[in-house]
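Down below are the structures I want you to see.
Note that chain A is present in both complexes that follow, paired respectively with chain B and with chain C.
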Partner chain A sequence: MATLLYSANLNDCIARWREEGLMVFGPATTGGVSGFQEVKDAGSLDLDLILTRSTLKELFFPRTEPMLGYRIGKQQIETEEFRPPEGRRIIFGVRPCDAAGMQVDDALFDWDYHDEYWFRRRDSSVIVSIACTHADDFCMCTSLNLSPDSTKGSDVLLRPLLAGNGWQVEALTERGENALASISSLLKEGGDPTAPVADVPVKFDLEACRSWLADPENFESRFWKEISERCIGCGSCTYLCPTCHCFDIQDEGDTYKGIRRKNWDSCSFSLFTMHTSGHNPRATQSARWRQRIMHKFNYFSLKFNVNSCTGCGRCTRECPVDMGVTETLQAISTLQR
Partner chain B sequence: MKIVATRDEAPGVRTMRLEFQDPLELEKFKQAYRTGMFGLYGIYGEGESTFCVASPETRNDYIECTFRKSGRVTAALASAEIGDLMTFRGPYGNRFPIEEFHGKNLLFIAGGIALPPTRSVIWSCLDQRDKFGKITIVYGARTVADLVYKQELEEWEKRDDVELVLTVDPGGETPDWKHRVGFVPTILEEAAPAAGNCVAVLCGPPIMIKFTLASLKKLGFEEENVYTTLENRMKCGIGKCGRCNVGSVYVCKEGPVFTAAEVSSMPQADL
Partner chain C sequence: MSIQEHYRSRAKELLSAGTVKMVIGYGAGSTPDRRRPVFITSPDEADRLVLDTTCRTNLSGYLLREGLLSDQKQVAVFLTVDGIRSLNVLAAESQLDTSQVLVFGFGIEGDQARAIEGERAADFKSVIAAAKEQRKSQPADELQEKLEAMTPKERFSFWEGEFSRCIKCYACRQACPMCWCRRCVVDNNQPQWVNTSSHTLGNLEWNLLRAFHLAGRCVECGNCSRACPADIPLHLLNRRMADEVQASFDHYPGMDEAQEPVLASFRKDDPETFIL
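For the complex of A and B:
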C-alpha cells in the first residue's frame, strides 16, 4: 500500500500548511507569464504546465536583492545589513529538473564561503516535486542522466495517479517527512496505479560531449563561431536557467542614502568580463557562448562533480533565435563521430 | 575605513592609505592578510572596485591601495578626501609564497599601474632583506609621468642592496631622463639577470606579460619560478558571482597569484 494524496484534498493541505505558518508556493500564471508564486488555495495552482517559464531558482536567488542599506550623515555613515526574510515555505508542484537544479547550485554556494542568502532560504524550504507524465520537444533531462521522476533536490516526490485524481506520495528527506506529518490526516493509503512517466528521448551523448569539451585542442575550434553565429547575447537563456548563478553587485541611491544590491548578471553580456583597461578576455559572442557551454559541462563538473544543467530545456524553448544548449551538444555529439 | 593619507602618483593615479576604525576589524585583517591578496574598495552610492592591497604584509596596521581613475567608482574614490570614510571588503584571494623565496635571488618586473601588486611583494621582501639574495627590480611605464611611486623608486635606486632598472617606452622620455628607453621585455633581456636560483615576480598588462614571459624563457627562467597575478574582473571576491572564471579556475579564490606554469595550463584566449 502506498500513501496517496487525492487532488480533492489539496486545498485542505494548503490550508493546513498555512495554518501552521508555512507559506505555500507553486506554479501559477499571472498576466500570461508563469512562475512560482505564493498561493492561498489549490485553485490558484497551474499544475498542468510542463514547466513554468521562470524557474524555481528565483525563490532562493532573487533577480535583485538588497544586501545592505546606507545613510550618510554629516559625521557618520549608518549601515543596515539586510538578511533574507525568515519564514518556512512549502514549494509545491516543482518539476524534478528544477529541483535538481537547486542541488547543483548548493555545491557552488557552499563552496568555501557558505552563502547565507542562498542557504537561509534553502534550509527553510520544503520542495515537493511532481514527476512528469508529459514532456515537450525541448525537455532533455534524460540526456543529463536525470529522469522525469528524479528525486534529486526534492524533499517529497509525488507521482501522478493514472486516474488523474491525485498523487502517490514519497518523503525523501526528514524535512519532507515533517511536511507530510502535518497533513497526515489528509493522506490516504491505497493501491491506485500511477501514470507512466513522460517519455523523454536522450538527445545527445553527454560523456562524448564532455570528453570533446575537455580536450584543450577544441577550445579554439571553428565550431564555436559556427554554432553561435546567431546568438544575439540577450541573456534570456541564463536568466531562465535553473542553475545559472552569475551576479553583479551595484549601489542604488545617491550620496545620502541607498542600497547595495546583488543583481542577476549573465556571461552572455559583453561587459561581464570587460576589464577597466578596456581589455575584454571574451570580446566576441562566440567566446561567451563557449564559456557558457564549457562552464556548464566541463568546468563546473570538474570542480563540483556535477553538470550545471538539468535538462529543463528553457534555454532553447525561450531563445528568440532558436539556439540553446541542446543544439550545441547535439552538434558536439556529431563531431565525435 | 578612514582615508588617512593620499598621494597623487601619476596623471589619474592615486594612492590612499586607509585605517580601520574598529580595532577588531584591524585584528582580523592582520590575521588574514598576506602579500598578493586583494580587496573590494567602495564608496556608498557609487559601488565597489577591485584592487590589490599595495602595502606589504610586513606593514599591516593600515592598507594602501593605488588605482587609476577610470570609471564611476574610481572617480568617486579619487575625489574622496582625507578623513572621509569608505568601504573595504577583504582581504581575498591567495598570496605570494614568500617563504619559498627564502635564500633565492629575486627579480621583480612590472609595467605601469602594475607596480602596486609588485610593490607589496617588494616591500615584504625588503623588510626582511637578509632572507633573500640579489634583488633586481625592472620597472617600465609608457612615459616618465606615468611612473608610479616615484619617491620609492628613488629610495630603491639609492639602496646598494637593490638593483633598479627603470625604463620608459620610446617617445615617453623627457630631456632629463637618465634611465633606459625601451619596452620592458627588451630592457629585461639587456639587463639579463641570471635565472639560476632566482624567482621572478611579473605583473603588468596582458600584452606586456605575454612578451615578458617569452623574454624570461630566453633568459632561462623555468615557468615554475615565475609568479604573476591575473587581473580578471572580480566582483564578489568569494567565488560565487562567476565573472573571474578562466577555465575551471575562479581567479578571486584560487588566484590572483599564479605561477607562469599554472597560467600556461589555462585557456589562453580567456586571459
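For the complex of A and C:
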C-alpha cells in the first residue's frame, strides 16, 4: 500500500503546515510571470505549469541580498550583519529538474567557502517535488542523466495519480518525513495507479560532448563563433537557469553609510571578466558563450562530478534570439572527431 | 513568387556577384513557430532564409557588430519600417554608413508578409512619412489607455510593480538597436553611477534611465518587450516618451539619416513650455 495525498486535502495540508509556523511556497503567477511565491491556500498554486518562468534558486539565492551595513559617526563606527530570515519553509510543487539544480548549487556554495546565505535557507526548507507528466519541446532532463521523476535534491517526491485527483507520496529524507508527519492524518493509504511520466526524448550524447569539451584542441574551434553568432549577450539564460550561481559583491552608499550586497552576475556580460587594466580575457560574445558551456559541462563536472545543467530548458525557452544549451550540445555531439 | 522566394533569389544574386558579403535575415528556429537571426555568407545558404509573419525581431542592431562594416563592404539586412527607421537613427548618430547597407524591406499585414519597394535607406522616405502620419491616428492600446487614466501616484505604483519583476538581465538593452554604447552607464563601475542591485531603487533607476535615454530615438520596434523575460511592457514607457516628443517637437525618429537627434539639437522656435 502506498501513501496518497488527494488534491481535495491539499488545502488542509497547507493550513496545517502554516499553523505549525511554516511558510508554504509554490508555483504561482503574478503579472503574467510565474515563479515560486508564498501561498496561503491551494487555490493560489499553479500546479499545471510545466515549469515556472523563474527558478527555485531565487528562494535560496535572491537577485540581491544585503550582507553588511555600516554607519560612520563622529565618535564611532557601527556595523550591522544581515542574516537570511530564519523561518522554516515548505516548497511545494517543485519540478525534479529544479530540485536537482539546487544540489548542483550546494556543491558550489560549499566548496572553498561555506556560504551561509545559501545554506541557512537551504537547511530550513523542505522541497516537495512533483514528477512531470507533461513536457515541452525544450525539456531535456533525460539528456542529463536525470528523469521526469528524478528524486535528486527533493525531500519528498509526489507522483500524480492517473485519475488526476492527487499524488502518491514518497519521503526521501528525514526532513521530508518530518514534513509529512505533521500532515499524516490527511494522507491516505491506497493502491491508486499513477500516471505515466512525461516522455522526454534524449537530445544529445552527453558523454560525447564532454570528451569534445575536455579536449584542449577544441578550445579555439571555429565552432564557438558559429554557434554563438546571434547571441546578443543578455544575461537572461543565466538568470533563468537553476544552476547558474555567479554573483557580484557591491557596496552601495557613501563614505558615511551604506550596505554591502550580494547580487546576481552573469558570464554573458562583457563587464564580468573585465580587468582593471582594461584588458578583457573574454572580449567577444563567442568566448563568453564558450565559457558558459565549458563551465557547465566540463569544468564543473570535472571538479564536482556533476553537470551544472539539469535540463530544464529555460535558457532556450526564453532566449530572445533562440539560442540555448540544447542546440549547442546537439551540435557538439555531431561534430567530427 | 512569394516574398520569401523573391528575397532568397535576390540574396543569392547579391552574394554570387559579391555585391554583399553577408545577408542578415531570419531562419527556422528550434521549434516550428520560432524564427531566429541568421547570417548568410554564401549563395548556397540563401535557401535557409525564411520570411513570414513570425519574423518580428528588428535585426538592425546586428549591423553594429564590431568589425562587420569596417571593411567598407556591403551587407544586406531584412528590415521592417521600424527597422529602416532605426537604421536611419544609427546613421544620424554616426554609428554606421547607410551606403554599406542594402535593405530587404518588408511589412506584416494581417497574415502575410509583404515586400516594401526600395533597397537603400533613402528609398523608403515616403513609407516612413506614411508611418509617421499613421502613428498620429493610431489608437492607444488598452493598457496604455488605462495608464493615461491613472493618477500619477497610481501610475507610479503600477510601474513599481512591473519593475519589481526586473531581474537586471539587461535583455532589453541588448535587444535594442538604439542601445549601441560600447560601454553602458551601468557597466561603468568607477564610479558606480547606477545601482546594479535588482531592488526597488535599482530597478527603477535602470528602467527610467533607459526610457529617458531613448526619448526621441526609440523607433518602437518592440524588441525590448519581446526580449524581457519578466514580461515588463517596456514598449509602453518608450511609446509615452515618443508621444511627448512627437507632440512637442513634431519629431519622428528615423525619418532619414540627416535628421538631427531631437535632444541633441536646438531650434530657436523650440517650445519651452517646461521652463517655468
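One rule holds in what follows: the second predicted complex is superposed on the first by the 335 of 337 C-alpha atoms of A that agree within 3 Å, B and C clash if a C-alpha of one lies under 4 Å from a C-alpha of the other, contacts with A are read in each partner's own complex, and residues count from 1 in each chain.
Methods note: contacts are C-beta pairs under 8 Å (C-beta built on N, C-alpha and C of every residue); 3 or more make two chains touch, one makes a residue touch a chain.
No experiment lies behind these values; they were computed from the predicted model shown.
Visitor: Given the touch rule stated above, what does A:Gly43 touch, chain B (first), chain C (second), both, or neither?
Guide: Touch status of A:Gly43: no partner.
Visitor: In the superposed arrangement, does A:Asn298 touch chain B (first), chain C (second), both or neither?
Guide: A:Asn298: touches chain B, not chain C.
Visitor: For A:Asp322, using the defined touch cut-off, is the partner it touches chain B, chain C, both, or neither? Pick first, second, both or neither.
Guide: A:Asp322 sits against chain C, while chain B stays out of touch.
Visitor: According to the stated criteria, A:Asp248 is in contact with first (chain B), second (chain C), both, or neither; which is it?
Guide: both
Visitor: According to the stated criteria, A:Ser236 is in contact with first (chain B), second (chain C), both, or neither; which is it?
Guide: After superposition on chain A, A:Ser236 lies in contact with chain C alone.
Visitor: Contacts for A:Arg261 in the overlay, against chain B (first) and chain C (second): which applies, first, second, both or neither?
Guide: Only chain C is touched by A:Arg261; chain B is not.
Visitor: I'd like to know which partner A:Asp137 touches here: chain B for first, chain C for second, both or neither.
Guide: A:Asp137 sits against chain C, while chain B stays out of touch.
Visitor: Between chain B and chain C, which residues of chain A are contacted by each of them?
Guide: 248, 250
Visitor: State the interface residues of chain C toward chain A in the complex, per the touch definition above.
Guide: Residues in contact with chain A: 29-31, 34-39, 57, 61-62, 161-162, 165, 167-171, 173-175, 187, 189, 192, 195-199, 202, 223, 226-227, 229-231.
Visitor: What does chain B use to touch chain A in their complex?
Guide: Interface residues on chain B, with respect to chain A: 42, 44-49, 68, 70-71, 74, 85, 205-206, 231-233, 235-236, 238-243, 245-248, 253, 267, 269-271.
Visitor: Considering only the defined contacts, which chain A positions touch chain C in the complex?
Guide: Residue positions touching the partner: 31-33, 53-54, 63-64, 137-138, 229-230, 232-236, 238-240, 248, 250, 252, 261, 263-264, 266, 269-271, 316, 318, 320-322, 324, 326-327.
Visitor: In the complex formed with chain B, which residues of chain A make contact?
Guide: 70, 72, 76-77, 108-109, 111-113, 115, 216, 219-220, 245-251, 253-256, 258, 260, 265, 267, 272-277, 279, 281-282, 287, 291, 294-295, 298-300, 302-303
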